[in-house]
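Before anything else, here's the structure in question.
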Amino acid sequence: MDYITGQFLVNLLMNGILIGLIYGLMALGLTLIFSVLGIVSFAHGEFYMIGGYVVYYLLQAFGNLEPMIAILIAGAVTFVIGVIFELLFLQPMGKGDIERPGEYAILLTFGLAFFLQHVMIGIVGPFPTKVDRFYDFAEIDWGWLRMKAATVWFFDMPISSSRLIATGVAVVLTALMIWFMSKTWTGRGLQAVSQDRQAASVVGINPSHMNTLAFGLGTMLAGMSGAALVTVFAWVPWVGMPASSKSFIIIVLGGMGSMPGALLGGLVLGIVESFGAGLYPDPSKALAYKDAFGLLVFALVLLVKPTGFFGRKL
Amino acid sequence: MKRIPIQGVLLVLLLIFAFAFPRIMQGQPYWLYVALQSFFWAMMAASWALLAGYAGQFSFAHIAFMGIASYTSGILGRDLGWSPISGIILGTLMAGLVGVLVGYLCLRLRRTYLALFTIAFSEIVRLIINAEHEFTGGPMGLYMEPLLETTSYVPTYYIMLVALIVSLAIMYAIANSRLGLFLRSIREDEEAAAAMGVHVVRYKILAFVITSMIAGIAGALDHHIIGFIAPNELMIPRMSLVIAMAVIGGTESLISASLGAIFIHFAMEWLQKIPVPASWMPSLRENTATLQQFGLSLGEGYLQTNAWRMVLFGLMLMLTLRFWRNGLIQPLLEKIGRQGVAEETVAKRKFSQEENEIEGTEA
Amino acid sequence: MKLEIKNITKNFGGMQALNNVELTIDKSEIIGLIGPNGAGKTTLTNVIDGVYKPSEGEVWLNDERIDHLPPYKIARRGLGRTFQVTRAFRRMTVMENMMVPAMAINPGAKRQNVINKAQGILEFLTFEHLANEYGRGLSGGQQKLLELARLLMLDPDFVILDEPFAGVHPTLQETIYGYIDKVRQEGKAIILISHDMDSIFTLSERLVVLDFGAIIADGNPQNVKQDPVVIKAYLGEDEEEDY
Amino acid sequence: MFRTKRYIYALLILVVAALIFAACATPEVIEKEVIVTVEVEKEVEVEKEVVVTEIVEVEAEAPPVGRCAPMDAADVEVIKIGVPLPMSAPGAVGGGLAMQYAVNIAVDQLNADGGVLGKPVQPVFYDTASLPERGTAAMEYFITQECVVAVVGEYHSSAGVAEKEVAHKYHIPTVFAETWNDTITGAGYAEVFRIAPASSMVAAADVNYISNLEGIEFVVIVTENTDYGLPAADQTAEALATIGIETEIYSADKGVADYSAIITRIQAGPVPDIVMTLTTGEDSYNFENQAIEAGLMPTADTICIANQVAIQPAFWDAVPGGNYCSFRKVGLVPALANEVTQTFEAEYRKRFDIFPESYALEAYDAMMIMANAIENAGSLDPDAIITALEATDITLAQGRYYFPYGSDNPVPDDEPDWMWHQWPDPAVLFIQYFEEGQSATDAAVIFPEVYQTHDTFLIPFGETP
């Protein structure tokens, strides 16, 4: 246990915060979908995966494409897929044709996840790919802050530059999303629907359009987070499964349907995983249980306070 | 009840077929083995249908109970030299015990929350089995003592068949007893059921216990027959297979769910390669490179579709949910069984619809 | 038979839904429970029924304290209720719906006896032709009837009817009147919650008025009607147009 | 509860049906009938006598059923060879696809040269998804449905352990291509051969290499939580302990994308002399990239031993800072490719455009070895094929194949059990990059000495040879 020093703990915390912000971005779309449609999309990770692949193939085809534009295109592609799926499969839920919408949505999105993942295995193949970091950092040495192309040392603590870029994208996207939800007419419409469907429809908002829009936006956010993270992690068609389960954990931690909650939940999950893996006594199992720590916290929160930190009543 | 003779006849025919299967498939142990495995899936799907379709508890932990029972039996056999039979019994009890725990923890959780919690539980179980490899064998898997010291599948086929029939009979009896009635009322409306005097807590837990014990016995039996278990079998995609089988069969009928499982298991085997008509062959031959690009390949008159059958499967699950909410097999069975009654019911429904309309205009 | 509600207070977060409610019912009678929207009528029902635990106070049924008991035990001890929004078991037939309470209170019940009893009740409520229909196939009014039928199967001493006339066809309303009469004849107490003032005044023998979570009047309907406090509480509220 | 009578009737019908059909059913292979009966008896009381008597009765007239392939090549139109591979989750789909492609190349070559024994060869693929249950199904399917004469392939040991049992049951010669678990050949079945290394062999090679380096005291192993990774890590750690080197193992589930906590933890402890990666595929890329970005390896103090997927060009996309990492490569490297390898590689590159991975080479070779053995045996008789396999002496893509220990020459006591029917020479090489973006063909082979293209066992960090 002699490796546990103050510096070590600070490093763990920092790692947890960085990855936590990224996790938060992953879950943002899911929480939006939940707040408006009241369902959890089990195919969330698959949209995340598709977003990453869109960027990968765009950059393969047009090598000098500005990465940020590639991210936007990835968002557009996943938006379209999400909207099509919503129109074809989720619309009947809003119309009351479905006996038990909650269960229907769970099973349906589960099927979609299965479908998309295997379609991608068929199309792109099962071999890992990865996109190199979008931008190289300049070389700097100021003592407390050193930078090289791939790494930044902040008080001697190494931080991957691609991770920093992804975190930046995450923060910008989250800010944009919160602005969109609170300041634009459409965003307020979404919020109105998420709070009271009937009242919203009385004041002239078409809830079923809002459903479609919310699902599309949710999948778009998933796609964009995948697009931003394809430089951080190696990419395979089943990369979405862990992303999905992390997103579930996060939205439950933060409170289903709450956007700031998603960010906070992401941070909590990142920190819990980081400290869990860093401090678990048996080193050979520390990493093996990394996912289990998050799941355990998740299960406990579900049991003790299912509404999470910011959640509304069940 | 008078109205099910057709169904009854069908059932008997089906049973006769099932018992005659080894005879029909003489010299083809492969199909016998496939059938044997399909019975395992049928038990899983039917017990999940009881839990989800009757009691309304959409749990994803079913495969974990299967794993718990199998691993308990396997480890007892390895470390304490227990015979498979006693191992299976204890494994099943263990699954039931964990079922009590999970059922109790899940009392307050509904729908999405329940699904998420049970997924987490199931993953934690798998991660523990994987990580504690000194004890469980971990990813290297665990040898399970064979149930019978024979390489023929005939006796094991009958064992699984009888296990399936007995478990279906037990579940059918439950579904049609007071307990089934209460479970369905809980599914429909917990609060109203409680107001009608139904002990919601007890029956919810009971549903978990019974179904997880059936999943447990199915798993323990099957893995003793295979002789080996690996944690890969507890992965969530395997659970989705169970769910898809039950959904495509029909979650509100045990027999439909189990027939769905058997049907899908056979279909998945058959779909490994699709026989391609000779007339297509020349054009397909020219495109061999394209085919291989997508993980397909062409044998003599066959198209390899290993990866793509999963795509088909996912699509089928989605379409079934969207357009045939009672599954594909259940409506079929109902149609056969209710021919005489159909008209009467339609008339009644029409009547009540009219009444509905009257009220609609008034409100 | 005796139902005592002693000093009940119920808080939701900062909001006080019920405030020191005292009510005793010790004989067979029809009690009308009225009050403006949000007065706490449904909350009171839920507290009596065990869905909510009261923040303060006690509920006693036949000299047994029941406020800590779960709803199913309270139901078995002889207190039944309907719901404001009907809660039929939608994917069960009418007959199955009715078997649930009968089987729940009497584990040893013979299936045939239960069916016979249910058939009698269905005939009385004039919808025996729908015995094999699914709950979801029924109209709103028929669902109300189904809830009443379930209550008869449960056979409680105290019956709480929450808005039994809301959205019900006039012919069915007659049936419900008949039902209330019958239950009254059997010597049971009925707590009737309704916005339909005509029915309340026609039927009830005692009238309780709730406002802001407190009882502001309790007594003979005619007297209560004249009570200035009650008139004030309803001032500016057109209760008929609420619906 | 309500319809007890109906259940009794139903059970009665069941029992009668069981009676009739258990009587009619002929068991395929009956070895120990007595035990059969006893077990059935425990399972369902009602049917015990029925099954007992009938099975025993029928047993006498039962024809021996098993493999359906004829013994003589003249009796078949095509020679079918079963190829079990993982082609869907949770198996390694990538490995399965590559091996399928490699087998197809081998078959095309064989058939272009006139086939085997004058008949064309046809591979029969089956998806085993890394599950033992699927493995058994695959073998039953091959042997009793498709009438294959032999089986080659498989990627996952978890499926392989089940497959070897069925191969043994039907006496079908089988060459395993990429299953490393010791027990595969350790069981000593006459039918089972293996050209992949046993995991103990690889561990031994790793240890051998490390023991040749100077000043190594502390090794960190990062492994994946799979049937490959865990035993490999444990065996390596055990062997390193015997030569006084301390190890620390970190094992991770597949799909863990973020390793930063563990990297921080390693950095907080004593500086490791070597960080060795036993995770595979995308997981190894993730770990290596994150470790390199964090400055854990490679440095002047810490040697980076990457996973062998580092041989792929994708390594440089995924791990841009991976210069000076060495990696262990099982199977040939481009620098040592012979003519067979080059012909195969040219064909393989048409689809994948990379130097074939060891499992692709093994799949190709396994098919070729089997074809060669059938040709030499001159018949489809399993005994003849097994004899021919034991006498294998052929140079293929990975080098010269032979099986030193078999029925004529049993495994001696001082050799481990798994040497039975095991090709002893899978090349286990250590290769090191010394320029960023370097192609694997140009990288230096640093170990073992016989294959060296560079004369030290390690190119120190930052130096260019």
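When the chains are written out, they are named A, B, C and D in that same order, and each has its own residue count from 1.
Assume a contact is a pair of C-beta atoms (placed from the backbone, for glycine too) under 8 Å apart; a residue touches a chain by one contact, two chains touch by 3 or more.
In this text the structure is predicted, and so the values were computed from the model without any measurement.
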Target chain D, source chain C, minimum contact steps: 2
Contact-richer chain pair (by C-beta pairs counted) among B-C and A-D: A-D
Chain closest to the middle [Cα centroid of all protein chains]: B
Taking each chain's C-alpha mean as its centre, the one farthest from chain D: C
Chain A and chain C: spacing of chain centres that average the CA atoms, whole Å: 48
Whole-Å separation of chain centres (CA-atom averages), chain B against chain C: 42
Whole-Å gap separating chain A and chain D, where each centre is the average of the chain's CA atoms: 36
Chain B-chain D separation of Cα centroids, rounded to whole Å: 31
Per-residue multi-chain contacts in chain A, two or more chains: 99, 118, 121, 125, 241, 285, 288, 291
Chain D residues counted as touching two or more neighbouring chains: 2, 88-89, 93, 97, 225, 251, 253
Of all residues in chain C, the ones touching two or more other chains: 90-91
Chain A-facing residues of chain B, complex: 52, 56, 58, 105, 108-113, 115-117, 119-121, 123-124, 127-128, 130-132, 236-237, 240, 243-244, 247, 294-295, 307-308, 310-311, 313-315, 317-318, 321-322, 325
In the complex with chain A, residue positions of chain D that touch it: 88-89, 92-94, 97, 222, 225, 248-253, 255-262, 264-265, 267-269, 281-283, 285-286, 289-290, 292-295, 309, 314, 317-318, 320-321
In the complex with chain B, residue positions of chain C that touch it: 49, 51, 70-72, 75-76, 80-81, 83, 87-92, 96-97, 99-101, 103-105, 107, 129-130, 132-133, 135, 137-142, 150, 154, 167, 169
Chain B-facing residues of chain A, complex: 39-40, 88-89, 92, 98-100, 102-104, 106-108, 110-116, 118-119, 121-123, 125, 241, 245, 248-249, 252, 256, 285, 288-289, 291-292, 295-296, 298-299, 302-303, 306, 314
Parts of chain B lying in touch with chain C, wherever the complex brings them together: 178, 181-182, 184-185, 187-189, 191-201, 252, 345, 348-349, 351-352, 355-356, 358-359, 362-363
